[in-house]
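Order as written gives the chain letters A, B, C and D; numbering starts at 1 within each chain.
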Amino acid sequence: MSGEVKSGEFKTKKVAVLGATGYTGIELVRLLLEHPGAEITYLSSESHAGKSLAEVHPQFTGWDGLVCSPLDSKSVPEDVDLVFAALPHGSSVEVVPALLERGFRVVDLSADFRLKDDSLYPAWYDRAHPRADLLPSAVYGLCELRRQEIRSARLVANPGCYPTSAILGLAPLLNKGAVDTNHIVIDAKSGVSGAGRSPKQAFHFPECSESFKAYRVASHQHTPEIEQELTFMASGGASPEKSSQQGDGKPGGAEQGVTVLFTPHLIPMNRGILSTMYISLNQEWEESELLEVYRNFYADDFFVQFFEPPRLPETRWVRGTNFCHLSLRHDRRTGKAVVVSAIDNLVKGAAGQAVQNMNIMHGWPEYTGLTQTALVP
Amino acid sequence: MSGEVKSGEFKTKKVAVLGATGYTGIELVRLLLEHPGAEITYLSSESHAGKSLAEVHPQFTGWDGLVCSPLDSKSVPEDVDLVFAALPHGSSVEVVPALLERGFRVVDLSADFRLKDDSLYPAWYDRAHPRADLLPSAVYGLCELRRQEIRSARLVANPGCYPTSAILGLAPLLNKGAVDTNHIVIDAKSGVSGAGRSPKQAFHFPECSESFKAYRVASHQHTPEIEQELTFMASGGASPEKSSQQGDGKPGGAEQGVTVLFTPHLIPMNRGILSTMYISLNQEWEESELLEVYRNFYADDFFVQFFEPPRLPETRWVRGTNFCHLSLRHDRRTGKAVVVSAIDNLVKGAAGQAVQNMNIMHGWPEYTGLTQTALVP
Amino acid sequence: MSGEVKSGEFKTKKVAVLGATGYTGIELVRLLLEHPGAEITYLSSESHAGKSLAEVHPQFTGWDGLVCSPLDSKSVPEDVDLVFAALPHGSSVEVVPALLERGFRVVDLSADFRLKDDSLYPAWYDRAHPRADLLPSAVYGLCELRRQEIRSARLVANPGCYPTSAILGLAPLLNKGAVDTNHIVIDAKSGVSGAGRSPKQAFHFPECSESFKAYRVASHQHTPEIEQELTFMASGGASPEKSSQQGDGKPGGAEQGVTVLFTPHLIPMNRGILSTMYISLNQEWEESELLEVYRNFYADDFFVQFFEPPRLPETRWVRGTNFCHLSLRHDRRTGKAVVVSAIDNLVKGAAGQAVQNMNIMHGWPEYTGLTQTALVP
Amino acid sequence: MSGEVKSGEFKTKKVAVLGATGYTGIELVRLLLEHPGAEITYLSSESHAGKSLAEVHPQFTGWDGLVCSPLDSKSVPEDVDLVFAALPHGSSVEVVPALLERGFRVVDLSADFRLKDDSLYPAWYDRAHPRADLLPSAVYGLCELRRQEIRSARLVANPGCYPTSAILGLAPLLNKGAVDTNHIVIDAKSGVSGAGRSPKQAFHFPECSESFKAYRVASHQHTPEIEQELTFMASGGASPEKSSQQGDGKPGGAEQGVTVLFTPHLIPMNRGILSTMYISLNQEWEESELLEVYRNFYADDFFVQFFEPPRLPETRWVRGTNFCHLSLRHDRRTGKAVVVSAIDNLVKGAAGQAVQNMNIMHGWPEYTGLTQTALVP
């Protein structure tokens, strides 16, 4: 891929990163520094305002021009083309409306604009949504499934890390209408960086190293986001190009919403999510037919690579990259399909997908600045 | 617990360990050295015959009397009371019959005598069973569920690590007859020591550190063992004391066998298995009722600790111990129960359970020599 | 070793553990529960007063009788024979004097009573010592080197983890008078549990996993403790039995104190310290002579195992145990000796040595309750 | 830095990678795919000839054009500008001479051409050098110190990983003539990827995870390479631009060679080397003067970043990058300087430096294709 995207082809665009010192923030900076079309002109950090990014994160030593401003929507320079908001959930909604009013396009990496149904916020996020009026126009930024809307969006709600891995894994079967939507189980496992950068007892090294656990069993706040998008897929959603891939033209046909049982786990490692998904099929299928569904669905998507049997994903193969690796097995004994998906939670699950969204919004090739292969080992 | 089991109460019994230099073998030695009733008088190792155990495994420096003999059923001394066979699958069946003929009681830690239906061996282990005649009298040594049979057994087939975690987690609900046996999903995760001590590409440090993967999706050889025992539980099995705990006296009522979808995963850590199990309930249940089923079922079992909500198991809390920690959640949204179980794969999943079986066979308190608490952190 | 120390031989003694919920505290509890002569009758915890230990540390589930009191020297029951103080540095000195006045013997695991020269406290611990009057009678509890004093001590200052590994490694050569005391370099590496249980940015899992660093280069507060004891050794110190091992009866002859350059490092693992020590020899030596010095020096010490070449220590072989593994190489090219020592920082480096001190104080065999072999892997 | 090196400025050059499936090989491929001036046109692999690289290393899925040829110097295409040989020690010398005869420029990543004195090969590598005639013209490719020679070299011997970290850390002081060359101690620690990709008992996950050890104490084969280059530095070496930085123009003045005591250790992580170096100073120095020496020495070197106190290097900050992070402390108590250096063993310690060498050989900016910042966390 090297060399395909030449910087000479780009008119460089200026970008801002809010919340630049968190894990998602520094991942955005890492990716944007390699992006031939983006120029970082503004960084904010509440906890480290006034410092250079290299003072807080010494891996940026040598890039000492990156200085953090205090978080303030008014100080984002006028000539910025796009703002990445990598703020905590609940903080984003305090800042993003003002940015939109100032005319900026925003890719928001928090959960604040992901759910269309504002009544879900009190149930899953413990507070009413203060700006429910903005939810209808926000676009859920799962690139492979909503490209067309993203292209012209003013506000992209960048998906959560778990939802990205789960939705990409389940979308083809749901779009095909092949699933008994009462028995979807998503057993997901994440590295510790998903918990953010603030030290807490549960993520103190000796408390999670050499250990493994489930948490928020069947009650994680990413559940409604997954259900919203799978319901969309089951009702025939996805971009037109995807819809045409359905072959038989039938919508997935879920009149009621899709419900999933989602349980996350903590892996003693830094990066990566692996989701294992169990799906009851609603008719007899040959494994070869199921494989064909996946192969076709993602045939044109560079960042979703479907693995043919016997290969199965491992998180290391996507470490540091924007790829999602997928595989499927049909278990004849139980009539279920098992889909395994792997992503890097900080890249395809956060900063990388945000950059991919920027590429789509700017009409650039989707892979621009995102062609690095995984850091293995 | 300290001091309850006093060595003065025991007439010490002599034991042999075959396959003493593998991970299961050294774990047996570790536990037996602390056991007040057992005296190791014979060790075998094919790869390290003639060496002291401390030469191969320097953690035994200071216990230099432990010398490995070549593997030979004839050289096990007559006065040995019990033989632990910690040999590879397929090797055990070559040795154990001769030991039984010589009159030894045997706890076999391989898979060679676990399945009652010998027709399953070709399907799951790629070879016909050469001594199917021994299968009927072998007792599946999951202590909490088959105590009575174990007590008088000549040959105990010590359960696999995954099956131990899965069966203990599912037994109460199946015994209660509360499960739609068509939708049992077992998503299990294991540390790398489960793969044994021989170096292989997949377990080379840089290939599995900082990574996570599924393997043998829906096709792992531990599947039939789990199904065999769950079928037993669903048909009203378990020791009489357990049966009486059923309350309503009704057998679980599974006329056909239980089928499970079992998928293992590899965690980048040394020890521990966490199994997350998804169960469709066949009627409406309150969570409190389900909790009561578990609480009661294991009320008298020291090594199975049921955690009340909101606590969930973590593998570190059983590291180095013979405990199984369990929890249950009822997901009203999907009508499923989620059971999480944690064990140390080398202890309750192998050597510890073998010692617990020895204790039962000798009429000793089950916890004898097994009261060490976890090595945390 | 199993069975050598029978509980029947002991009159059980009651012990108290102050600071029971920190890593050192729970390690003491873990060891004391297995100790045939000790009965825990009092636990304190400032942060978790009123809770059972199992609520805070679920690995103690099944031992629910262990309840934490608020920290209060007055509430330690009269019939306690020995108090373990596992409190933070600076807190211990607030409590221990009152315990001594009440007549308790105390093993203090903090740094508060380790240094004889109270003028070192301001320099290395940033505060004057409030009870310098107690320092002369406190005994530095490095068991192998000060047994005789420990036996009758009222207050034992349990050594630091780094000092234990360093002093045990260097003592034989210094005692022999074989060292140019101007060029001692101690390059030590520790697992993260050494940093304690409070979450901090530097020990947040993603900040130290898959990374390695030096810290407090040549300025760590364990330096004066090492120098104090090495000066003692160099001047002919150690228990009489050690002194007699010197052969030539000559003191080490360091008229001035020994100075060391000590630099600690952080290893991305939970437990273990490995110290690599570089020593300029003050005369020509054959490697075989140096090996003989070590072999003899520790000939009667169960917990210090000297490895003959080519074996070198690895921290896993002492994990969870009270052992120190040592090796030595002579580098003819540079005229230096390299000594490598490995301990478990929480056992021989803290709680295990504290129990060993208790054993000595009570006249019990030193290994009582400490015979568990390492948890490998 | 992004955008500074534009692909439009380059005439792309064709490169070959021999030994493409080892860890160094895939790291070269990873870096070269991002390099705007290099085009991979030939890959070889003995063990995986005929396969696409993605079959062996699925992180390259999506780059399926990369196919491995069998290793054969004759099949390297004529139009290749530069060959990277990432072959095992001893294999390289079998292939490289033929490549040189065919007129290719070669960057060899093995140890086969690093030592000028061929008599050292039998002592440290257990065999005589079969082509000692090539040693004089091979250039030791430590970029920062031998730029001028590298520029026109036909054969660059890419430095070992440990030597890179050690030499960069010690060069300024030796060049300054500030060191007592009899007391240099290098205590180095490496992640496991340094051991290569072949599975071995010592690098089996459960054997090295959660453990730490020293190995080849004072006898590692990288020792002579370090001594050779430090002797060069001590005698006033380094590129002219460095020499001029000496200020006083005095050569380091080591008439005899420099001898070092070098001991490597194994860290339970994938990537990174941290070397802690202890240096006896031959006169009185202020710390500020020493810092100034380092600051100046590397003032113009993008890839060597000298950290001002109190900052100390951590390997994570260079993970995946070509940087070397350095710091220095003066210990007034012992009159020694402590230098700490961190690199990624696979990048600056191998593949990255090889690419940097290519850049120098082609007259490209040194940082071309090497500007990615570290993957943190």
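What we mean here is this: a residue touches a chain if its C-beta (ideal position, glycine included) is under 8 Å from a C-beta of that chain, and two chains touch if they have at least 3 such contacts.
A quick note: this is a predicted structure, and the numbers were derived from the prediction, not measured.
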Compare the contact pairs of A-D with those of each option in C-D, A-C or B-C, and report the one where over half match by residue number.
B-C
Comparison of B-D and A-B by number of C-beta pairs in contact, larger one
A-B
Distance-wise, how many Å sit between the C-alpha centres of chain B and chain C, to the nearest whole number?
37
Take the average of all CA coordinates in chain A, do the same for chain B, and state the distance between these two points in whole angstrom.
39
Centre-to-centre distance between chain D and chain B (centres being mean Cα positions), rounded to whole Å:
48
Which residue numbers or ranges of chain B touch two or more of the other chains?
23, 191, 193, 206-207, 209-210, 268-271, 314, 316, 319, 377
Can you check the complex and tell me which residues of chain A touch chain C?
23, 191-193, 197-201, 203-210, 268-270
The answer for chain C against chain B in the complex is residues 1-3, 6-8, 12, 23, 26, 29-30, 32-36, 38-39, 57-63, 193, 210, 270-271, 302, 305, 307, 311, 314, 316-321, 323, 325, 371-377
In the complex of these two chains, what residues of chain C are touching chain D?
182-183, 185, 187, 189, 191, 206-207, 209-215, 217-219, 259-261, 263, 265, 267-272, 274, 276, 278, 280, 312-316, 319, 329, 331, 333-336, 338, 340, 342, 377
